[in-house]
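Each of the two complexes below includes chain A, the first together with chain B, the second together with chain C.
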Partner chain A sequence: MSAYFEIKDLLVGFRTFEETRPVLNIERLAIERGETYGLVGESGAGKTVLALTILGLLPKPAGVIQRGEIWFDGEDLLKKSESELASLYRGKRLAMIFQDPMSTLNPVFTVGQQIERVIEYHQGLRGHSRTQKAVELLEMVKLADAKNILKKYPHELSGGQRQRVVIAIALSCGAEFLIADEPTRNLDVTIQAGILQLIDELRKNLRITVLFIANNVSLVNVFCKRVGILYRGKLVEEGPSPLVIREPLHPYTQTLISALPRDRSERPRFSGFELKPEAPQGCPFYSRCPIGVEFCVQQQPRLEAVIRPEHKAACFLARSR
Partner chain B sequence: MLRFILRRLILGGVVMFGVALVTFFIARVIPSDPAAKWAGPRATPEQIAKARAELGLDQPLIIQFGTYLLDLAQGNLGYSLRTRRPVALELAESLPATIELVLISTFAAVFIGLPLGVLSAKYKDRLVDHLSRLFSIGAVSLPTFWIGLILQLLFARTLQWFPMGGQLSTEIKLTMEIPRITGFLTLDSLISGNFVILLDALWHLVLPGITIGVYPVGLVARMTRSALLEILSEDYITAARSYGLQERVILWSYALKNSLGPTSTVVALSIGYTLVNTFLTETIFTWPGIGSYVATAVIGLDYPAIMGVTIFSAFSYVVLNLISDLIVALDPRVRMS
Partner chain C sequence: MLARFSEVYQSLSPGLRELRLTLYLLNRNALQRASLIVIAFLVVVAILAPWIAPYPSHAFSATNPQDKLLPPSSRYLMGTDELGRDLFSRIIFGTRISLQTALVAVGLALLIGVPLGAVAGGLGGWVDELIMRITDVFLSFPPLLLAIAIAAFLGPSLGNAMLAIAISWWPWYTRIIRGQAVSVRERQFVRAALAIGAPMSRIIFRHILPNTMAPVIVQASMDLGGVILTIAALSFLGLGAQPPTPEWGLLISTSRTYFLNAWWYSTFPGIAIFVTVLAFNLIGDGIREVLDPRTRKF
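And then the complex of A and B:
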């Protein structure tokens, strides 16, 4: 019996001329219904690739799913055909917010045309009731003057407004599982909080499950119950967010957390960057690990419970400290 | 928007002035005496002098140029040295036949080239794509006159499926009354319900039509493919897929509209190019259009006729460019800046 959402033994790679380079390798990642799961990792860790894999939208033919299962409400998404995914899942049950609101809206259609096309397609609404529904959706994401915004082109809106429009479209057809891929990454700090709050409210009101992707632990702490840390395509730590942030077990998580500015005057501090040679057979973090030992070069650590059963880390030395 | 149009109009005016200037002076350095031609083959020196005055050729160059510009502005392209009829009138008579060819090739560009480009982008690196790219490369790189000659040789001469040239068969020209309403043969025969003539006209159109159409079809297919491929990798396309929209909608509406700017520019430019290609094609297929007209003019050094055709071609080019600029300007992103 698998969880509401569960990734099992997933291996995703990108094809180059010579080889298929592994980009994502996740043994298990499970999310309960109604939960908000935070996924944190630096740029290039594979966060967006994971999101696209779930939706079946990996760039073709470069991206290949080599093996694995993605269970969603009792069905393995990776066994679904493209047309099943398109007609039964995307938009209807699964939705995604992309990381750059500047590029996720089509520049040559008005906001109204873009929302209404999706509503019409999924719900068969036309004419006035379709427009009415679009206005309601824009009001749901707290955009003032919704009627006016429908007539605008994306470039006439601010970044924050665009991201709200994107959220409205993504949730327009009653999706129950939302992947938010760094929804505030390209927005001003002042606007970020509003968008985060909106997503949190929508999650509560619409009772949706959220996979929240971020490149910053502090964002996740605010409203994710659990958090997973992704490093080079692998989960290196996972647990309840307060616990992970208070007592990080993996050296990578520790560098992430110590890099957070404590107060506004303090510059982010980085540590653990002394470069050692890569360990192809061993721990993926070895080259940057401040405490790595000889043993770490020979074997890959697995994600395992340390101290508490709900708090896991993939590090040989995690238990000893 | 209005200022944009105005700017383009002024720019077009400048280009036209430049073309007028260049054609005028080139005509003056051609080693030929227009007055002697105008006066006729056995004219006395006095008659030639009189003709020179009549044509204004005894005036200083700058005055001649001024008069020429004034005439142009009124749509007066001068008189043919050969037939002594107004060049503008003769152009108007041979224009419909050429326009028929240009229209056919433009339709082909839009209704064959565009879908071909879309399919090619959709099935990138698959068989359809390879075939379409092979065709496009051939279409763009093979010279039009070569295609025309080969088609003529194969389908007219050897296989005899189609006529060697002309707009109508001789029997039909001799035995039937040819309707003249708009000047467009196919349209006129359609309007007057004369289907024998219509069929014959269409039958004659096939080879020159293909010859002319190959280039724009290939060009548009290529441009559409590359524009679409770039657009299909954009985030908003992935986003549209994540909403569950059908691939058909995404391709033909979401993506295609974005590529309309570059594509329409190419279509407009290829019409201009087609106009040039008609000259050779018409000569090959003895098609009574502007191309044949200018060919006769060149051989006879009928310089007002040559200048008239040059001015007319340049004018069409400027107008086509203006139209494509306007289409591009309809893109909301351009409209802003």
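And then the complex of A and C:
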């Protein structure tokens, strides 16, 4: 019995002249219905690649899915054809919010035209009922003066407003699984809070599941029930977010969390990485690991439960401390 | 003035607003204003030709041999031709023909070139390769020569001249659009449209194409002048309009014989061509300036 959403043994690579270079290698990642799962990783860790893989939008021909399964509500998405994905999944059941609300909307059309097009295309609504639905959607994302905003071009809106419009479009056709790829990047902190709150409210009200991608651990802590830490395409730690934040098991997570500024008296500690040679056969984090031992070079650690069954880490040394 | 304008401006629907702004900005530059007026004037003349022309029957087959090759006078404002027809009336009717043929030829070229360019740029891969190599073939002919060859092959007539021009002209639009489409395709909103379930065919025409139009609009408005010139050239060579059509190029062509003793015969059609082409070129430049927010001057 697989979970509502489950990634099994996924290997995604990017083709280069010499080889297909692995960029994402996930043994298992499961998300329960209605949950918010936070995925954290530095830039280049493979977060966006994961999101695009789920939607079947990996850039072609560079990106290749070498093996694996992505189960969504009893179906393997990787076995679906492009036309099935386009007509049955994207927009209707899966939706995605992109990083930069500045460029997610088409600059030559008004907000209204863009929302109404999607509604018309997926739900066949026309005329007045279509406009009505568009207004409702903008009200759903708490945009004041929805009727007026429909008439505006994207460049006439602020970043926060645009991201709300993007969310409205993403959820316009009843998607139940939302991938939010750093939705608050490039936004002010206050606006960030508003957007996060909105996504959380929508999750509760519309009973959707959210895969929340971020490069900031503290965002995830407030907002997600469980969190996974992605490093170089691999999950290195996973568990309930308070637990991961409070008692990080993996040295990478530990450095991430110790880098968070806490209060004024304490200066953030950027424990500088002491670079060691890469370990192609071993742990991906070895070259930057402050505690790595010789054994780490020889074998790749697997994501395994440490201390508590729900809290997992991929580190040989996690158990010993 | 500006305050009143912006008030009216706010109340318009978005599309109209943009058009209104473009016209307003074009109107502020003296040179562009002049060319706008010239073009508006030409359009009015073309539409009202039968009512404006003093001798509408002279435009086509009527002849009037006793008044042949008269210099400009109050009776014949621009003189008469070798068959005694009023040149003024013929030039007025010529406006109609020039504008019509230019619009049809450019329109036809856009109709072929724009979708092909959007598909090539939007899809990429072998489709792109195929379409662009075909345009390369067309572009490797000198443009006028290709038009001459096609017109000669199809037989000399105004319709065939338009077709010939469209066929030799579309690859330019394909190139412009394709170049734009390739860069627009990488923009985030295309990915976002895919993520919401829109198929690529829809994205190409609904999202990519509208974002590539600005340079083509500029190019096309400048080409209107070029096409008028080319049609005139084809007619001059005997491959376009046939007598007794009052086409400007054809008028100049027939005037060659009488050039030394009837200066008005080639001069007035020449001025008509010159003014029209200049107006379209200037307005094309103006549109380019106004459509690009960075060169807009408020």
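FYI, the second predicted complex is superposed on the first by the 315 of 321 C-alpha atoms of A that agree within 3 Å, B and C clash if a C-alpha of one lies under 4 Å from a C-alpha of the other, contacts with A are read in each partner's own complex, and residues count from 1 in each chain.
Basically, contacts are C-beta pairs under 8 Å (C-beta built on N, C-alpha and C of every residue); 3 or more make two chains touch, one makes a residue touch a chain.
Since the model is a prediction, treat every value here as computed from it, not as a measurement.
Overlaying the two complexes on chain A, which is it for chain B and chain C: clash or fit?
clash
Is A:151 touching anything from chain B or chain C once the two structures are fitted on A? First, second, both or neither.
Only chain C is touched by A:151; chain B is not.
Counting only touches as set out at the top, which of chain B and chain C does A:295 meet: first, second, both, neither?
neither
For A:90, select first, second, both or neither according to whether it touches chain B, chain C, the two together, or no partner.
both
So in the superposed three-chain picture, is A:170 touching just chain B, just chain C, both, or none of them (first/second/both/neither)?
Touch partners of A:170: chain B and chain C.
Which of these chain B stretches, 42-50, 60-68 or 222-230, gets into chain C when the structures are overlaid?
So the stretch of chain B that bumps into chain C is 222-230.
Considering each complex separately, which residues of chain A are in contact with chain B in the first and with chain C in the second?
On chain A, the overlap between the chain B and chain C contacts is residues 55, 57, 86-87, 89-92, 95-96, 98, 100, 103-109, 117-118, 121-122, 153, 166, 169-170, 172-173.
Touching chain A in the complex: which residues of chain B?
So the residues of chain B touching chain A come out as 125, 233-236, 238-247, 249, 254, 257-258, 260, 331-333, 336.
For the complex, give me every residue of chain C touching chain A.
The contact residues of chain C facing chain A are 13-14, 187-189, 191-199, 202, 206-207, 210-211.
Taking the touch rule as given, give the residues of chain A at its contact with chain C in the complex, in rising order.
Those residues of chain A that touch chain C are 55, 57, 83, 86-87, 89-92, 95-96, 98-100, 103-110, 117-118, 121-122, 151-153, 166, 169-170, 172-173.
Any idea which chain A residues touch chain B in the complex?
Residues 52, 55, 57, 59, 61, 86-87, 89-92, 94-96, 98, 100, 103-109, 117-118, 121-122, 153, 155-156, 166, 169-170, 172-173 of chain A touch chain B in their complex.
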